[in-house]
Every structure is written in C-alpha cells, then in structure tokens.
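Structure record follows, encoded as structure tokens.
The chains carry the letters A, B and C, assigned in the order they are written, with residues numbered from 1 in each.
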Amino acid sequence: MIQPKPPSRTAPSSVAATTIVSSLLSVQTSGAGFTDLTAEIAQFVREAGAREGAVTLFIRHTSASLTIQENADPTVLHDLMTALNRAAPENAGWRHDTEGPDDMPAHIKTMFTATSLQVPVLRGALALGTWQAIYLIEHRTRPHHREIVLQFIGATA
Amino acid sequence: MIQPKPPSRTAPSSVAATTIVSSLLSVQTSGAGFTDLTAEIAQFVREAGAREGAVTLFIRHTSASLTIQENADPTVLHDLMTALNRAAPENAGWRHDTEGPDDMPAHIKTMFTATSLQVPVLRGALALGTWQAIYLIEHRTRPHHREIVLQFIGATA
Amino acid sequence: MIQPKPPSRTAPSSVAATTIVSSLLSVQTSGAGFTDLTAEIAQFVREAGAREGAVTLFIRHTSASLTIQENADPTVLHDLMTALNRAAPENAGWRHDTEGPDDMPAHIKTMFTATSLQVPVLRGALALGTWQAIYLIEHRTRPHHREIVLQFIGATA
C-alpha cells in the first residue's frame, strides 16, 4: 500500500455538453455465457455523433448483467463463469426455486456484477483500455432475449 | 458463448440536455435487509420534471449499499442476503472488529455490491425492466440512518 | 425488512448543466493493495470549477478496479483484500494461467468490484460521506502503471 511516486494527471479539457442520445439494444443470448457488445456500442457512438461525454449501459433484467473484461484469451471468460458458479452454486439451499435451479444463482451473480456501467467517450471514441471489452453475461441456462438501454450524454459533432 | 442472431438496436433518438436536478434521500433502516426505493426515485423523477436522461444514485456509506433486483418473490431477497452472508461471514478472522462482528462483513458486502448506480429515464419514466426494483441494502445488524444522493442529468419538460 | 418510518427527501434543486471536463489520471501502484485517489479527484473537481453534477471514474484495465470504502481504520483495507483473496484464490484450477498465478484472480476480483464509479458533486464538493474514500485496487502482485479517466458532467462556476 506504499505509493512510490505521486499520481499524475493531464490538464482538464472542457467542452459544452448539450445532447442526450438514447437507443435500445436487443440481444438474443444462447444460454449462460458472455456476449461481446463492444462493436455495437462503438457503432452507437458513431451514429450518435458522440464526441466528448459518457455512454451509460443499463440492462433491464435481474438474471443477466454487464461487465468489462479481457477480450484476448477466451479462457478468461471460462474462468470468470467458473468463479460466478462458485460464488452462487445451484442447489445450495436457496428458498427461491420456483423458476428452476439456475434462477436464484442468476440473481446472485447479477448482484455481484453490474446492472449499470459507464464508459467515457473522448475525441469520438470509447475510452476503453487495450484489453477491455464490454460484455453482457447471461446467467440463465437457456437462451433469453435481453434489452440494454444505451445512452450518451455529452457533446456531439 | 455462441450468438445465434445479431443484436438489433433502435435508431438513436436525441434531445438537448440542459438540467441537473439534485436531492438528498434519507432512509431509516430497521437493521440488515432490503428497502425498496423505487417509488421514491420515481417520485423524484416526476418532481424534477425529468424527460430524457439518467438518474444517478449514490449512497454516502460504506456499510450499506445499492442493488437492482427482482421485486416479485420475497424469497429472492432472503436468498440474496444468504449469499452475502456466505461471501462475508462474521467471525471469519477479520482484523477490523472494534465496531462489532457485523461491521467488517458489512464493508465487504458493500464492496461486492454497488455504491453508485445509474438508471436511464426515457419519456419521463425510469427505464426499469418489468421485474426490477431499486433497493438499499442495510448490512449492519442494527437500524441506521442512511443518506442517498439522487441526481438527474438530462432534459426536463 | 420492515421500514419503521418513511424515507424523507429534500426538495429537488435544479441548475443548468452545460460542461464536460475530462482528464486522465495516471497512477503507479506498488503491487497488490489500495491507493487512495480521493485527494486527486477533489483536486480535479476544483481545477474543473465543478459546481453541480457528477464525476465519473473509469479504470482502463481488467486486473485493477475501483471501490469506495472506509478511510479510517487501515485494517478494513487489509480485510477487504483478504475477502477478495478468498473469493478468487490463486491455484484454484483456473485455465487462464499464461500470465502468472495472480492474473486470473485479478480479473475475477475486478469483475466483483467496480470498473466505473460515479460520485455526485454538490455546491462545488464531492458528496462523499464522512468515512468514504475513493480507492484504486491493484490486484496484480507486481507494481503496475494504471490509467483512470476522470470526467465531470454538470455546471461549472
């Protein structure tokens, strides 16, 4: 917890923010797993003419969620799913079981990950790091139709 | 992780965003458990005249947090609490114990859930899914007074 | 889950929001642990002339993350790290191991905490609670260079 050199920061750059752009993204999942939404969000940023600001993602479900994770090695996604299954195993004495053994674990996995996310937009592009991708995580065993509200707030071209 | 059909997205709709509306929500909890804040947030959206934009919720505490979860079957909330207790049990060798055995687990549960959340507002209404409610989670055993900053950024009527 | 008295809320206060201010914060970590960013963020808020709105923090990495936690007793941070290590231990059968035994646990810890955070700004100051500090969590064993996008959206002085 020692910090060897002080943090540095670029000078704040400022623009007038005047626009909100909203869109509803519909995704058909194929059961438990990750769907990479990055290209769709980047396309939304382009169509919106977004220049400086932030994109909010909001998933309208309680058994699917959002995360930003590594996009390079697919075994990362496999291991993330393993970690979620360990944190919320099926048949672990849950009371809520009327919708199948995968439903309550799906709610728990949603609670431990994200329902809303924000990604800044700088000079017209998502400010993601080199290895970051934006994923929807389907927590139910069977395929589902999922809706995500996309909203850009900021300055447009 | 196969995606059977491509995601679809509605055309971006755009409005001028010019207003920030802030309010402080005070909640008295009755000890560990969930408090549904949805009606209060919806009332804030109405009073603010919010039309298009997003509401940010920020809880000003480190032993209580926020989540968006199922509003239908109360056993879901019971099981979510069980999952939090399993992830952060009392008397599990924590060093921080001066504020009681429930305090350190409360901090851990806060870290694994949300301190800030964003919910889009579309056409004057919170864009929640059918089964979504916004909850405060009290992680301490005893009742506490909790404060949540509500802030709408966007276009008003 | 009983709520003894109804929540109360201050009257919404409204301002015109017209500015986005962005900055990139660079932090050199010294290996696994917490770095308190609160003073840097407060400095950014002052330099930006931020008056009413919200600061978004976005970390551009998948093996380091953000959290808002207690700033008083350092054993809290120690125990939070213990809880993260228990949730994502090394050598627990992860498939992704080409970048060292600490890499996959680092991704999992990132998923269970936050990549993006929002903190409201009210009357020119971060609306943090008394005991809240904003932390970067380094999940890798070795020191790393980390970048965080800071963005204020709202009204400036």
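The rule is short, and it goes like this: contacts are C-beta pairs under 8 Å (C-beta built on N, C-alpha and C of every residue); 3 or more make two chains touch, one makes a residue touch a chain.
This one's a predicted model, so the numbers in the text were calculated from it and none came from an experiment.
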Cα superposition of chain A on its sequence copy chain B - rotation in ° rounded to nearest 5: 120
Self-contact between copies chain B and chain C, residue sets same or different by half: different
Computed distance of Cα centres, chain C from chain B, in Å: 16
Sequence positions of chain B contacting 2 or more other chains: 17-18, 87, 112, 114, 118, 153
Residue ranges of chain C touching chain A (in the complex, touch as defined): 17-30, 33-35, 37, 40, 43-44, 47-48, 56, 58, 60-62, 74, 77, 87-88, 93-96, 98, 104, 107-108, 110-112, 114-116, 118, 143, 147, 149-153, 156
Touch list for chain A against partner chain C, complex: 1-5, 7-18, 52-54, 67-70, 73, 75-76, 78-80, 82-83, 87, 112-114, 117-120, 122, 127-129, 131-132, 153-155
